[in-house]
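Paired with chain B in one complex and with chain C in the other, chain A is shared by the two complexes that follow.
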Partner chain A sequence: MQGLLDFSAGPLFRLTFFIMVLGLARILILDIWGAVDAYRKAGDKTIDWGTATRKTIKWLIPIKSVFTHKPFYSIFSISFHVGLILVPIFLLAHVRLWETAIGFGWLSLPKTWADILTLVAIIAGAGIIIGRIASSNLRFLSRKQDYLWPLLLIIPFVTGYICSNMAVSPATYQLSKLIHILSGELIFVLIPFTKITHCVIMPLSQFIMMIAWKFPAHVDDDICTTLNKKGEPV
Partner chain B sequence: MDRARVFKSILWTISGLGAAALATRFLIGLGSIANMNDAVPWGIWKGFNIFPGIALAGGGFVMTAIIYIMGREEYHKYAKVSVLLAFLGYITAATALVTELGLPWFVWHPIIYWQHHSPLFEVSWCVMLYLTVLFLEFVPVPLEETSRFTKVRKFLTKYKIVLVFLGIMISTLHQSSLGSMWLITPEKLHPLWYTQLLPILFLLSAIAIGPIMLILAILVISRIYRRKTDNQTLARLGVLSSFMVLTYGLVRLIDIGANGKFAMIFDGSWQSAIFIVEMSLMVIIPLILMGIRKLRNSSSSLWVASLSAVIGLGLDRANIAGVMLSVDGPRYTPTIFEVLVSLSIISAAILVFLFCIERFKIWDSKWEDPREDKKSRPDFDRSSEVWLGTPRLAGRTVYTLIFVISLAVGFAIIPGKRIYSGGIQKVASQKSLGGDTLFIDGNRDNYGVNFDHKAHVIRDSSCVLCHHMNQPNDKQSGCYTCHLDMYQRTDAFKHDWHANPTGANISCTECHAVDQERLASTAKACDQCHKDLIPPGATITVDKYMAPSYTDAMHFLCVDCHKQKAVELADKSNLALCATCHTSEHTDHFVDGVTDKYKHPYFNHVVLPENRPTVEGH
Partner chain C sequence: MRTEAITPEEHGRAFAPTKKPEVIEQQKLDVRYHVEDFNVADRPKRFLEAFAAILKHSNYRFALEHFIRMTTKCAKCAVECPIYQATNDPHDIPCHRSELLLSVYRRHFTLAGSLKGKLFGTGHLTDDMIEEMADSFWNCTACRRCTNECPVGIDHALITHLGRYILSEIGIAPRALVVSVREQLEGATGNTSAIPLPALLDTLEFLEEDMKEEKGIDIKFPLDVEGCDYLFIPAVSDFLMEAETLMGVAAVMKATGASWTIGTQYFDGINYGLFYSDRMLERIIRKLVSEAERLKAKNILIGECGHASRSAKYFVPTHCGGKDAIPVINIMEYTRDMLRNGKLKLNPNTITETVTYHDPCNIARQGWVVDQPREIIRAFCTNFVEMTPNRENNICCGGGGGTVSIDEIRPYRTSVGGKAKADQIRATGAKYVIAPCANCKKQIRELLEDQKIDCELIGLHDLIYNAVIFDESTKSIDTKSQKG
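Then we have the complex of A and B:
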């Protein structure tokens, strides 16, 4: 067991972590490269930078949708994202691991906060799956990975919570730690090859749409106006 | 399956694996991936990349001489390839050099700090100049692609002959100087390789094998891109260079005979076997295949001849730069990561070569990708059965993926810690005198060496080795009381103080005899007055009045003894390595005990503290 733990926390971790980081960098670079290529080849080089920037920022800060449509799903989604981003990066135990590995650490969350955020992320993840199943519109749009991703993302949170708060015997502790590490590494490997790449390319998506497809930035509003459904989600 | 894509995929994989090792080397330090030690500071990168790289790049100056100065127009179509090949050969060597220099950011030092006794000084100047010349020779080719810089391109093309002359001049200078460097090793290098003629042999072999390397490169790229080769012209070039190969072989054999070493070739040792292999590969096989008229025009004999000559030359340089050097101390075997770095530098160079071949007009006609033809069927990815786009787009997707994954694998397999030398045992240390573990910090910059005093006392009972001299009326004087300067010899006696009325105020004749010239060599020794100066049994003879620098004293005392012990004791091979003591990693006890500045870095390169205290009195 200890050997397995060492291996998964050592070489396997390095492998998967670097696949994630380098893979995301690759996706980002290829995206920008492709966009530049498309822009260079485009006959009509007019691009509405202002609207695109505004839309991107609006996308990145999704508070507005909480008050307009699907408040529950939006709240679940936002809190899920907050937990997903904050806990793995700023958990004290993780920061200590980084400190021993690379020589420096950074600020960490207080334990209580980390526990609360973990629980929030678990509940929100479950809520997202239920929300997807419950809504017929979403069910229609969802692929298999849309159900599987929240499930997979919850696993390290559950096992991590067990490790830090509920472990009763060393066997339970080690087993949940192993599952924690391995599921985390599975996530690392899958990130650059699935929809989770949105974590790096989302800020670009508006621009790329506009450059590659020549969709004007306000096209969605125009469609809504034509369909007499102004203010509703597309 | 597409040959070019398979070949390039393999190269990208190797580059990725090596790039991980390379990144580790620059982030953590040489010791993290390399097995080189104090006895063998020149490893596989010298023998495999730098020396063969420069020798094989000799084709650049030889071909330009043949084409532009001897006016052999039939080889003109190979001019650009040969210059590109030479350029990449030198870039390969330069990259490997920067990788294996301990302090790579000092690589520019020979430009400013001249050491004109050293062949390396000449080599580094020439290599830098020749790299510039090669760059200027090659740069018109990529410039043809754009409409900008037309003036620069025309200027460079117009005065090409000047560059050609410069190239020949500089090349002949440093190809031979690389051989001169080994003149310093008559005791180390095996006699079959060591000769006074090394500079000439280096130059001759570079001239001989350079064009053959070009033949090989043309054969390789023709095969990858499925182009017909002009075997007739290549064979004629082969014949031309086989004259040089013959000259080289004769000079070498006659030199060996003239020095009475001929019998060593057949003495049955492994060195003699390697010598025979080397000579057959480099001289005999190419001579047979190129010399016989019936054989030389077939492409298979061109392949065999050029491959064998190139491998033979690589073997020759590797032998001189490493394999055949006798080493006292721990033997050196390269780690897998050193090999990976070596291979990755070469594969990256080949990738750049192929890139240039594909993008620029280096052939007589520009290379066209057959898949780019609109009438050809779309090329599906084998694994996913997805059309990846146009060839360039598909290449971008596939090669970056391969590179990223192999880079990650590379990072996963590197242990990330030091490979050799476990370092010192962690023991509690204290700063004061007489402790079990002493912290030796000669220049008072808070970085020093932990010295296990207790272990040395028990083992040797040779106190007098270190405590070989005391200050007057003192016992176990600190080393720094005489060895006053960190790096320079200092006056431990202080003549003026002894003579001065405000000092000891003793008359000259106390020490200097009346009827003698008053010199340090004729004066009375210190211990004739200060009876307790040298403890009984001290083995170190004290040089009169002058004390060696602190570093010299320490290195002399510690390193010499440790070197001896490293040979005597099987498990103590690390003792003579600098990094065994000079680690920047301190023990935890030590951190608490001395000062809070020891929030140590985790890596083994020495990092000076942010606010380096000024050292008073030194």
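Then we have the complex of A and C:
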């Protein structure tokens, strides 16, 4: 067991983390490259950067949506995201691990806060899954990954909470820790290939929407030629 | 805003097919909209060819790539969609509508999608999927409310716009729109309402006489004056159906001593290309700009019409010169500016009845023309009430996206598309609902009639006509531009 734990926390962690970083970097670069290329080809290059920035901030900090439509969904979703982002990065135990590995760390959350946020993330995640199953609209729209993602995402939180807060037998502790690490690594590997890529490209959305409406000039002729429709009546 | 779903009877009436069963059988496309005749064989292949050609020459690909990575299926857009709110049918959720096209893109135009498809032999485009897309994309009124409220930023409106464009390339587009655009671009009259020039001239002369009688002064529609500040282009249907709006505009221009003209070679602001084909959009924009160039106009002034304003404002620069393109403004921007600089004076007590204002989606959604009309209305109406929601978050009249021109779907437009708008208007208890858009005017008029709402639809400049105060100095002004 200890060997497996060491392997998971060592080489496997490095590999999966590397895959995630590389995968996300690829997506981010492709996305920005696509937008820059489209902007270059656009006939009209006036973009309201201010509005796009304002809308981006509005959706990165979507507090207002709590007071408009679907308040329960919004509250659950926002608290889930807050937990997902803050706990893995700022948990004291994680920061210590980074310190050991790369020589420096950063600010960490007080233990009580980390525990509260962990529980919030677990409850919100469970709420999101239940909401998705209970709503006929969401059932209609959902793909498999839409149910599986919140489920997968709360596994490291549950196991992490067990390891740090519960008096369990050493065997259970080790098993929890292994599941904690492996599920986290599975998440790392899957992120760049699924909808969770929004963690890096979402801030680009409003800009992409604006640029996408800036069509290239003179495409009529080109499309007619490609589709062999030259000279055809309207 | 949550509204009650429509009743089963209304549903039946709204969704009744408009075509004969034998026609439906022949075309195998039970859409409620008229479509051009087409050969049903081989449609998926032609759809994909058109999709590929559009991707190759346009800017859509990068946006689709972004959207397929982002879509999270939260259904928040459902709350914003007036169509879904009326039908409660999950097929009307904007995210589902977008997925129809995104799934085709993912399967046929991405490496992972085609590998997966080939491996499992699934997911390829079928004729049934084309039918579903045709139905779904034309159920949407292109109001873009969903786009403003998508948490991850999926532009459902852009996807529907693209979907309609691809469908039109394989012959699936509402006949009413195609016929109008054909007349506009290739017909003898060169406009969507097929108004011959002599008839237009007669109409304008008649309106001038009317105004002379009513106001006691000469108010002209100057024609073909070169070098004017403003080339005025309304939706051409205004010449037939909204004469009062045009008289209001002429009165404002007279009172402010404007240098303006109407071109006799091209006088139609309508651009249905915005609703179904980027190629047509481009051709119509070029036609518009060539008239402005012929007359050496300094600005293009679009009349009371949402989509005409949006298509000109945002696509004249795209196709005709980028930042050096001729500026485009909406008539309400002009009137508000004149009000502010004191050139236009309105009698503040002209309208004392309750008045409400409908924001046309095409000029309000991006926050372009929202304050101007309100400022104008408050200058001459004593009792103005807002609808809720309004401005950028307004609700569509139900005839947006070109659907208002399809007469045979009126039951759908007034019981499904316009359900939420009808409730909004009813809630204000207003005597007048002002809608400064040719499409919204037609739709809301039908909506008020079918939903039996005691309220009158009117254009903004129709009301302004009664409020304009002509100075003695203005009356005697006979500028170069006024010498029609």
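Assume the second predicted complex is superposed on the first by the 211 of 234 C-alpha atoms of A that agree within 3 Å, B and C clash if a C-alpha of one lies under 4 Å from a C-alpha of the other, contacts with A are read in each partner's own complex, and residues count from 1 in each chain.
FYI, a residue touches a chain if its C-beta (ideal position, glycine included) is under 8 Å from a C-beta of that chain, and two chains touch if they have at least 3 such contacts.
Being a predicted model, the structure only gives us computed values, none of them experimental.
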Going by the contact rule set out at the top, does A:59 touch chain B (first), chain C (second), both, or neither? second
If we overlay the two complexes on their shared chain A, which of chain B and chain C does A:85 touch? Say first, second, both or neither. neither
Counting only touches as set out at the top, which of chain B and chain C does A:14 meet: first, second, both, neither? first
Let me test your reading of the model: by the given contact rule, A:102 touches which partner, first (chain B), second (chain C), both or neither? first
May I ask you to decide whether A:171 touches chain B, chain C, both, or neither, giving the answer as first, second, both or neither? neither
Touch test for A:142: chain B only (first), chain C only (second), both, or neither? second
On the A-aligned overlay, A:22 touches which partner chain: chain B = first, chain C = second, or both, or neither? first
Is A:218 in contact with chain B, with chain C, with both, or with neither (first, second, both, neither)? second
In the three-chain superposition, say which chain, chain B or chain C, touches more residues of chain A. C
Where on chain A do the contacts with chain B and the contacts with chain C coincide? 30, 34
Within the complex, chain B is touched by chain A residues 11-12, 14-16, 18-19, 22-23, 25-26, 29-30, 33-34, 100, 102-103
In the complex of these two chains, what residues of chain B are touching chain A? 20, 393, 396-397, 400-401, 404-405, 407-409, 411-413, 416, 601-603
Please name which positions on chain C make contact with chain A in the complex. 49-50, 53-54, 56-63, 65-66, 69-76, 78-80, 90, 93, 95-96, 99, 112, 147, 149, 151-155, 158, 169, 178, 181-182, 185-186, 278-280, 282-283, 314-315, 317-320, 322-323, 325, 366-367
Per the touch rule, the chain A residues reaching chain C in their complex are 27, 30-31, 34-35, 37-38, 41-46, 51, 55, 59, 62, 65, 68-70, 73, 77, 135-138, 140-143, 146, 193, 195, 197-198, 201-202, 204-206, 208-209, 211-220, 222-224, 226-227, 233-234
